[in-house]
């Protein structure tokens, strides 16, 4: 794998990049369609089904519409940033996928090519780093719009993302500890073929926390406070239209896809599934492993949609409480428990059980404390704030 | 280990109070008192375990602290510091008990300051490492600062700042001295390895001495004392007079005399003159004070003058007397401040003119006050006499300075009677004023506070031997250190022999032997 | 004699003190009990004293033992130790004997006083301290007792503490005594410096062998003895420190009798008698004698013009103490001590009778308001008469013997002293009988409402008077018969060294002269006062001077007390302390403040200005090190 | 000129331009963005130096957290509406720039002349040194530099508490 | 790539930061310039670490970042407070410490 000739390396990389980038774009379109259809199904209605088979071409139609719409730039905006913002949202979403191993490896013309664009040894840090950049686009776009709702949306969004990023980072520490590597491929390989070896069982609380944080990072329901229609019109992208809006839109879906892929890699065994990935020889095993990975990601994406129509939106203080008071303690406990038990016993089973128990205990304690801490009355005006400090500051 | 326990137990108390202060006032007080008493009880172990047959440091603990700079956690006690440690641990629980009801705000802070102060003071008396000593020396300023600055009287800020600035000025000089010693001692702060002669010993001596003289306080460095005392809360005054002032004299006996004997000899006339001026001056000024606390404060100046005089007599009787007098002063002046505090609590005045005829209304108070007053005057049979007597005797008989000094110092004994009795008369005798007619006599708690002090006042007065015997050997070591060096000095300076009168048999031989050795070593 | 006996002797009054002092609260309701506890305590001491006295009879060796080590160190040892020799036993008997009687007397005298138990506590404490003073076998012990009796004197003079004059007097007594103690202390130090010990025996032996350090060269002992004498001057109220004693009469009368006549004030005499060896060697007796005789004369003149009974007695005491010093000063130690003993009895007696008069007269002391009391108070009158005759030197009464011995010895030392002493004897007889005539004879000037209550004192008071009257009259005859060969001289011979001046001349002649002088004084008083009312006293300048006690108190006040007080207040405190020292301190502070005030203009408050200077500094430093360093 | 040099020049230039932009833009938002650019360029330089971990952390901490915080505050205070006139300047402007230039000269002098005589310079075969891995850093951090590490955590804790206190107080006495 | 180029770059970045601190009035930008200076130092650290072939320099970068994070948190909180009280974060106008 390492000793590829330079030309092959370049060539294979280009192919991989093209493949995955297109896959992503297509995936976004597919997701848009799927979401609407699934939504329709869940709400017992039809959803788009006119354009193409079962409306499958609907996203393309939408895309065309966006492309051809007038590229409106309002007068009052800060033009450079207003233009830059959508790109800054899209790019991080796009480049994250580069380090995700979407399959084992494939042997073409005698060269073993790993199914991963860039195999860097601090892959997980890369993901965290890039993820953390996503907020810029949102914030800058919001600010550049020079619109009160946008700004509030942007502030909400940035606060939310900073808060949940913490959980995101901490949740994977346990995984890293057991794997002793920041290398995504190594992490995926370390989990092995069988689901009961996968990280989501060993680090169950961390897995849940990670998933939740992932939801928050994508700004999707139930964490879509940045664009809560009832409160902020459309949040940070209120002033955006046509292709610029489309870019925000796409970025959200890309985030979903990439996030699912990362989750699958970290917690759900990557491309492994009962050894299926090993059958079929050097060529087909690669294809099969990609298939497995694809299916897992798809299933996870379905969960995204499912959650969206299941859970209502959080109130802002609930959001913050949840992030700081539930997820953070859970992940911190998870780190401590994992580290301790791993050092003492060296048994994944024990670590898994310990984590589950500890997570349960922590959640119970925190919940108990929160209940004791006088439940807030129904939503009032004063609850509808960014953060207590933020609003004070603005006043 | 025992010693470290004693030193740091109060600090543990501070932490305990900090953690448990939610439990309410009585719990805080109980914890503080328990810690105080426990510390005292443990410190009694130091006494029983003390080997009086040797004067070297005992209960020594040495652990590297900052080895790179030659700083170590090195503590130990000898017969001199033993008593000061015991005095400290003895007075602290008494103070806690005395402050039982008098603190209105910030009780937990008060108790914490008090206990932290105890640790600081104990550390000063036990430290055998110059750096450690300095750390404790300075750290004890902080709680004192709080005690006066927060719980003090009206002009407390002025008094606190004055107190701190005075002390800091002194400690700055001392720090220079410490550093100079450090570099002359192979980059080590260890006191036990220090051995002279040092270069510039006269400057070093002055550096240390001024720091200690301010703390003592020696005339003319004393003006912080009346202000600090007047503004400090009762307990603050007690600790200030009872223990803090002793740190100055302790410093002299631990550093100035043994480390720089020649310089000490050189400066003795000046210092002793100041001490004598302090004795008489303090007494005279005390006489005309309208404020009880100020009066006692100035009397401290006078009494501490005796102590300094005894120290610089540089002979066993004088130094032993001084050490004993440190304890005595701690007891009797501490008791006086407590008593003043007790009537202040009742009457909210410390002005002498506001009182009169109290002995009719408060007989128990009067009796206790009388005994303490007499102890302060130096009536034989009470503690004050033994110390003063030994100091004067030692200074007179074989003191290192002229007898005129001693004669003037003895005048201080007369004046002590004048100002104390006059004060006593004005407060206790005469007709009872209407405003004072309802003052209640001491309650059980206050009597309990005073009784232990009275016990020791009488005990030391009647049978001081247990006290003297434990410190004897240590004092001898100090004297030998002083004499050895100054003997060589004398030899070189060819001082006429009649300045060394009245050396008795054994010592005379010793003296000759030292001179011979000095000669052969040349 | 054993240590236990001495300890019991010593401790009994202490126990009495503790019982009365600590449990006085519970004894309040039963004051008689409290009084008897005090008295019995002294009685025990008295019995022990008699035993001790008896065991010394017939050449018993003096007792000298240490109880425990007190203040000890490498080069010094001061012990609690006792020495009982002839001198001590004499003192013991006087103290406990007179003391016991006065305790009993006080039971009646103090009846109904609010501070009854306190009084007895103090009195017992006094006896305890006095016993320490005389029992000690070294100067330090003596000093302890010395201070102890001073304290008790202070407490008892100021016994009625709501009276300002009383507490003032107590304070004055203590402080004046302290001035004396100053001398005593320094004397002790000198002795210790010279001898390395303070034990009597060791010091005397070494002094006689001339084996001591000459701290002050050849005059070492002179200085030491004179310093000790300063102590004695303070305690025994001699010139110039006598001023406290007349004021001390503010205390209850029995106290005056016990402390300020019989025992404490004689401590100075005891001390010089005890140090007789030293005084002999140092030849400082003359100073003592002169001070003594001058005091005797001086006080006697003052006594002439006083109208307060107790004050007359007080000045008389001062005067008689002067006699005693005269005695010990001229080397007649035994005579001096003998006078001490007789004086203790007759002066104690007179004070008690004065107390009896006061008791009857509702605390009236001015004899101008008395007169003719003889009829109402016969026992008081007769006992007082006995005392007065004794002090006046009426032949064969006790004062006659002791005073005569002293005068006789004085002649041997210096005729001038003798003559002054003789004049004083005349004055003594005169003022004493002036007192008697004005008080007990003539017509009554008593105010009517007092007169109605006038009565003889109860038995508990007059019985001690009667008992005291007997030794007052007879003790001289019993112990002093034979002048310098008397029993008393023999008994105390072992204690005292030989005098320098052998008494010369015919003893009988001296006796006759003294008697004549005494009788002349009585006669002169009879002439002047048996009829006249004292309110018609002459008003010339001399009389005024004497009546105002030579203005000594005023002079002391103006020259010493006020300057010290004002100097301390204005000069030392206000100017030096608050002005100079604090001024310097605050001045330094303000200079720094001014400098700071100037420098603070650099603080623009603009962060960047600071940073610029910082960067400038960095640039310059770097430049220096890189290009020039 | 190999790839590394090209990349160095590229990243170096970007970071310098970014830095200059930080102090040149009148509006803080642009300054902040320029700073982000500089940080990225520096992360690139770190990668060139084989410090992958530091590069990643640089992005996470500086770009991802610190600068977001800056942006957040800038927006919170809505400084855009404040006058941006005179944002640069003061009396000291010229002097400050001269000082800066002097400082730069000195720095360059140190880098070129002074360091040649030191141990750092003698260990010249720079590129030969292997990439330091995360493992190496971790190893050092938890052994040799354990105490500083713990102290750092304390500093963070203190900062945390400090911020809470600051913010809490200002929310209580709201103006 | 030679060490000294990195160091020169570091020096230039640092100087830029210094100049920024000196000439800008907006407290937030001053803060950013301080970050810039810290980063310049980091660059030097890493470069020297690389040149010495050991990771110590990078460890220090780690510490610098931690401290920078703490500093920014506190600093921005202060700026927010200041702004609330004084309606400005112009350092020329915030001069309560003027002597």
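Order as written gives the chain letters A, B, C, D and E; numbering starts at 1 within each chain.
The rule is short, and it goes like this: a contact is a pair of C-beta atoms (placed from the backbone, for glycine too) under 8 Å apart; a residue touches a chain by one contact, two chains touch by 3 or more.
Note that the structure is predicted; figures quoted are calculated from it, not measured.
A.B. asks: From chain B, what is the lowest number of touch steps before chain D is reached?
C.D. replies: Steps on the shortest route: 2.
A.B. asks: Please find the path from chain B to chain C through touching chains that uses the fewest steps, and give that number.
C.D. replies: Step count on the best path from chain B to chain C: 1.
A.B. asks: Please identify the chain lying most centrally, where each chain is represented by the average of its Cα atoms.
C.D. replies: B
A.B. asks: Which chains, taken as a pair, are joined by the highest number of C-beta contacts?
C.D. replies: Ranked by contacting C-beta pairs, first place goes to D-E.
A.B. asks: Could you pull out the chain whose C-alpha mean position is farthest off from that of chain C?
C.D. replies: A
A.B. asks: If you average the CA atoms of chain A and of chain D, how far apart do the two points sit, in angstrom?
C.D. replies: 28
A.B. asks: With chain centres defined as C-alpha means, what is the inter-centre distance between chain C and chain D in Å?
C.D. replies: The answer is 91 Å.
A.B. asks: For chain C and chain E, let me know how many angstrom lie between their CA-based centres, rounded off.
C.D. replies: Each chain's C-alpha centroid was found; their separation is 87 Å.
A.B. asks: Using mean CA coordinates as chain centres, what's the chain A-chain E distance in Å?
C.D. replies: Averaging C-alpha atoms per chain gives centres 32 Å apart.
A.B. asks: Specify, in ascending order, the residues of chain C that touch 2 or more different other chains.
C.D. replies: Answer for chain C, listing residues that touch two or more other chains: 608, 612, 615.
A.B. asks: I need the residues of chain D touching at least two other chains; which ones are they?
C.D. replies: 53, 57, 65, 69, 76-77, 90, 92, 96, 99-100, 103, 110, 167, 170
A.B. asks: Across the complex, what residues on chain B touch chain C?
C.D. replies: So the residues of chain B touching chain C come out as 162, 165-166, 220, 222-223, 281, 284-285, 287-289, 315-317, 320, 357, 359-360, 374, 379-381, 385-386, 389-390, 392-393, 396-398, 406-407, 410-411, 413-414, 417-418, 421-422, 425, 428-432, 463-465, 468-469, 472, 476, 501-502, 504, 506-507.
A.B. asks: Applying the document's contact rule, which stretches of chain D touch chain E when the two form their complex?
C.D. replies: 4-5, 8, 12, 15-16, 19-20, 22-23, 28, 31-32, 35, 38-39, 42, 45-46, 48-51, 53-54, 57-58, 61-62, 65-66, 69-70, 73-74, 76-77, 79, 82, 86-90, 92-93, 96-97, 99-101, 103-104, 107-108, 110-112, 115, 119-121, 123-124, 126-130, 132, 136-137, 139-141, 144-145, 148-149, 152-153, 155-156, 158-160, 162-163, 166-167, 169-170, 175
A.B. asks: Going by the contact rule set out above, which residues of chain A touch chain D in the complex?
C.D. replies: Result: residues 78, 81, 120-122, 125-126, 128-133, 135-136, 139-140, 142-143, 146, 151, 154-155, 158-159, 161-162, 165, 169, 182, 388-390, 392-395 of chain A touch chain D.
A.B. asks: How about chain C: which of its residues touch chain E in the complex?
C.D. replies: So the residues of chain C in touch with chain E come to 599-608, 611-612, 615.
A.B. asks: Spell out the part of chain E that touches chain C in their complex, as residue ranges.
C.D. replies: 18, 21-23, 25, 30, 91-92, 94-99
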